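Take a look at these structures.
Next, two complexes with chain A in common: one pairs it with chain B, the other with chain C.
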Partner chain A sequence: MDFLNAIVALGNYVIVPGLTYGAQLALGALGVTLVFGILRFSNFAHGDTMAFGTMVTIMVTWLFQALGIGFGVLPTALLALPFGILATAALLLFTDRAVYRFYRKQKVNPIILVIVSMGVMFVTNALVRFAIGVGEYQFTDGARFLITAGRFKAMTGLDEGLAIRTTQAITVVTAAVAVAVLFWFLGSTRTGKSMRAYSDNEDLALLSGINPEKVVAVTWIITAALATTAGVLYGLDKSFKAFTYFQLLLPIFASAIVGGLGRPLGAIAGGFIIAFSEVTVTYAWKKVLGYLMPEGLEPSGLMQLLSTDYKFAVSFVILVIVLLFKPTGLFKGAQT
Partner chain B sequence: MKKLLMTGVALAALAGGASVAGAGDVKIGIILGFTGPLESITPNMANGAELAIAEVNAAGTLLDGSKVVPVRADSTCIDASAATAAAERLVTSDKINAIMGADCSGVTGAILANVAVPNGVVMVSPSATSPGLSTADDKGFFFRTAPSDARQGVVMAEILKDRGFDTVAVTYTNNDYGKGLADSFAAAFKDIGGTVTINTAHEDGKADYSAEVGALASAGGDALVVVGYTDQGGKGIIRASLDSGAFDTFVLPDGMISDNLAEDIGPGLNGSFGQYPGTDSQGAEMFQKIAKDAGFDGTSTFAAESYDAAALIMLAMEMGKSADSAVLKDHVMHVANAPGEQIFPGDLAKAIKILKDGGDVDYVGATAVELIGAGESAGNYREIEIKDGSIETVKYR
Partner chain C sequence: MAEPFLIGEDMTGGYGAADILHGCTLAVDPGQIAVIVGPNGAGKSTAMKAMFGMLKLRAGHVRLMGEDITALSPQDRVAKGMAFVPQTSNIFTSMTVEENLEMGAFLREDDIKGTMAQVYDLFPILKDKRRQAAGELSGGQRQQVAVGRALMTQPKVLMLDEPTAGVSPIVMDELFDRIIEVARTGISILMVEQNARQALAIADKGYVLVQGANGFTDTGQALLADPDVRRSFLGG
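This part shows the complex of A and B:
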């Protein structure tokens, strides 16, 4: 019984939040890594692209709610998501046309594209704040919980409760589906293969007749889909605020780099590594150990490795260690 | 003829100059966090201060007919350099006579040390409650109509004890206000036999608080004391705690109490309780009435303290017969405390008349102001409980 309690406590405070956060980071990191792999620069505007997509989705959600269109127990935002993706794809294609293409034609050094993307970041950021404001928005509706802590306790008779929010389940499921579709697309379709070829060796790809403009456009569209999905899932699960999306850039880049820039599989692994390390290193193990240790040996202290203040520091320490000992990331990505 | 004309012009100029000296505009800077973590309560704080100013202007008798002009500036609540720049602008370019503000303890300390003391400008804060400000080197220029959190910590500990809570977890927003109040509460709670299982900080402005709540839940406790801000991490912590079933009773000090919170969180917050500065003196009711007439909610957190802060500044000016901060600072304590005739909200015109005739006033105001020590409020608190989504006053302490 004590063992079960320990497992449930761990599940409730570490595993469920870690999985959810990890899935959100992984989707974000996939977008970053895709742009890096194919367009060869670190896209700093990614966090704000997520914010833009989420903003459009929220607005469409409001419209649907006003029209009385719902999605049953699922959040209405999932219905609005395709519209968000469309708008974001349009925005990204427009910025590519207006900004990035010019520099790509000049074959500039990647660092210049990074700086350019920062400019795009500020513009997108301002656009979002201008359109929806700086406040915090909750846009989730439908059933809030799959199972609440109280009901779980009543059902199982355990002392510990396990709460799973609908949004957490949706996040993990949607992320899994998105990743599966992406891998299928990159591995099995003609366009996906041409993207990989372009990524591996640009000159060779051009010689074999691959249309670079098409590859770039498809990359941006996929990035828009990933960014908007990640942003909407994050916003559904927590809340939408322009400023927090801007800050999300840090853990997302950490995830992409830890996994190996340019490696989709690495981005997913990186997302979960960063998420779980943030949660586990700062978790106070007192409760779990209290259940597991024999009577009389329970810890009296908190058994917390690091105070939660250091949450962000953890991802940076991991980043530094990986860069020192395996500069290409865990999955042999590009040298960073 | 020409000479006569010149003399006439000179005379007119002199007369004009004299009238400026006698009844020129008095400017009071209102420095509050109109953006940032307190942006939901600052509009009514500014309304409170401007209500007092409007009342004095309506009487038109301050300093023989001076008009008081409020000048607003944004303290941002959290960004010390932005707040200092805003205060600097008010002092050097708007030439304000005194400051009603700032709101959050960190920026208040910064403005006090960098602008108010060097320029010799009186500051009366309605809401900076950090114990650290009691011992700040203020050269006598700093006052506050809100009590120090050292007092609030004791009151909060007593409320918990009276309600039968023995072990609590504490989380605080990582700044002067949060740490000051959390530490003073933890000390007071231990003194009366309670146990604090964990006393840890949270950062504002994050979307995800599951790691923080995980640590708090593991430490355990019958209730969670959330020393944070309504619009910021405090709300995130409560939401994450309710979602994961970690805590179901929350103790809410002044920064957390607002109608928004009860609305945003919903039924999960029922049964939680807390306290914020407030009093059952008749002044509170009178203030609420005149605030209602002026079109805003007088029960909004720190609105009454803001009215009192502005009123104290103006009464001290009248008593010293000068809008100069160097003179005014010596009279604030005097008008705030006994002896003298008690002054309630709405009586400012009467108070000015008494002071003008050389009499004494004891400003009670909307919050039963009694300044002690280095010029801070002795502290009356309103104990509240959340019932069915609305904030109800239980009693006064």
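This part shows the complex of A and C:
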């Protein structure tokens, strides 16, 4: 019984939140890795692209709520998501036209594009704060829980409850669908294959008659979809605050680099590695250990390795270790 | 004499301020194999790139079937029926053999299955390995993928930049045999080769480039027999 309680406590406080956060990071890292693979630079504006997409989605959600349009037990934001993706795609295509294309034509060093993307990051960031404000917004509605802790306890008779929030379930399911669609697209469609070819060998892709501008445009549209979906899922699960999305850049880049930049599969693995590292290191293990340790040996402290305030340090440490010992990441991506 | 099928005439140009090519002329007719040989730094690869529009010419013209294509980009030349196999990075290493061939046919809207079957007939080993990543293949097999990719556009002219670089002598002979087979189907072949002797032996036409200009031009056999060419470039 104690063992089962320990498992349930672990599931409730570590596995479910870790899976959810991991799925959000994986989607974010996929966008970073795609841009890196095709456009060959680290896009620092990605976090704020997520914020922009989420902001538009929130505004459309408010509009729907005002009009009385709902999505039953599911959050209205899911209905508004396509609008957020469209607006973000328009923003990214505009940015590419107005900013990145100029530098691409000159075939500048990738580091210059990184700096340019920081400029884009500040502008996008300002745009979001100007439009929606710097405050914190909750925009989830519909049923709050798929299963509550109380109901789980009543069902199983255990002391520990396992709560699964609707947003957590939606996050994992949506992320799985998005990843499946992305891999199908890259692996089976003509456009997807041309993107992989362009990423693999740009010169040969040109010799094969692949149009680089089309590849770049499709990449931005997919990036918009991934970034907005990641941002909305994160916002539904926690809350929306412009600054938080800027901060998300670190774990997202850590995920992409751990997995190997330019490798979609690596981005997913990296997302879960970073998420679970963050959650396990900042979780107070007192409760789980209390069930598992023999009588009299239960820990008296919290058994928390690191305060949650320092959670970004986890990404940083993993990033440094990977860059020192395996710079191409777990899936042999590009050298950063 | 009638206008050759593809001709680069009096080509002069280079990458920077200094010219590498100085009035170099290369031509090839349908079903013929033209081979460019010469010492290192003679501008062999540069001449190929110039023919394919990867280098800006300061003077001279490139004409395909009498049409001046000097101003066209490499991509537009692909659409006109030219195909180019670079010396290095000539395959998509992370993609399967079959995907490499598909990408070669990217510009085509029609059914590519027939052409793919022809490529597999020409290089049977590729059919066995079609689901394998091209980067995992041996050097000789990679070259086959590279040539196969270029053939997928159903080109009229196939340009090869040192197709036998870094492969074993046995594989080299095999590759040359395949190249002759390709030429027999009516495709013009223009290639740069380090293995001058073997290449000239299969060449209908040979060009010996010296410092970016035509040194000797004749049939492959005549060049092989020419005492000057033998002494200077073929090691006696």
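The definition used in the following text is that the second predicted complex is superposed on the first by the 323 of 336 C-alpha atoms of A that agree within 3 Å, B and C clash if a C-alpha of one lies under 4 Å from a C-alpha of the other, contacts with A are read in each partner's own complex, and residues count from 1 in each chain.
The rule is simple: a residue touches a chain if its C-beta (ideal position, glycine included) is under 8 Å from a C-beta of that chain, and two chains touch if they have at least 3 such contacts.
Because the structure is a prediction, the values reported are computed rather than measured.
Chemist: Applying the document's definition of touch, where does A:I210 land relative to chain B and chain C: first, second, both, or neither?
Modeler: In the superposed model, A:I210 contacts chain C only, not chain B.
Chemist: So, does A:F272 touch the first partner chain B, the second partner chain C, both, or neither?
Modeler: neither
Chemist: Regarding the shared-chain residue A:D309, is it in contact with chain B (first), chain C (second), both, or neither?
Modeler: The first partner, chain B, only.
Chemist: Contacts for A:W220 in the overlay, against chain B (first) and chain C (second): which applies, first, second, both or neither?
Modeler: In the superposition, A:W220 contacts neither chain B nor chain C.
Chemist: Of chain B and chain C, which one touches more residues of chain A?
Modeler: B
Chemist: Name the contact category of A:F83: first (chain B only), second (chain C only), both, or neither.
Modeler: In the superposition, A:F83 touches no partner, neither chain B nor chain C.
Chemist: Name the contact category of A:S194: first (chain B only), second (chain C only), both, or neither.
Modeler: In the superposition, A:S194 touches chain C alone.
Chemist: From the superposed pair, tell me which chain A residues show up as contacts to chain B and also as contacts to chain C.
Modeler: Looking at chain A, the two contact sets are disjoint.
Chemist: Quick check on the complex: what are the chain A residues that touch chain C?
Modeler: Result: residues 190, 193-194, 196-197, 200-201, 203-211 of chain A touch chain C.
Chemist: Would you mind writing out the residues of chain A in touch with chain B in their complex?
Modeler: Contacts found on chain A: 9, 12-14, 17, 21, 134, 136, 138, 145, 148-150, 153, 161, 163, 165, 234, 238-239, 241, 243-244, 247-248, 278-279, 282-288, 302, 304, 307-309, 311.
Chemist: Given the complex with chain A, which residues does chain B contribute to the contact?
Modeler: 35, 174, 198, 200-203, 205-208, 210-215, 217-220, 231, 236, 243-246, 264
Chemist: Quick one: in the complex, what on chain C touches chain A?
Modeler: 74-75, 78-79, 84, 86, 89-95, 99, 102-104, 106-107, 149, 153
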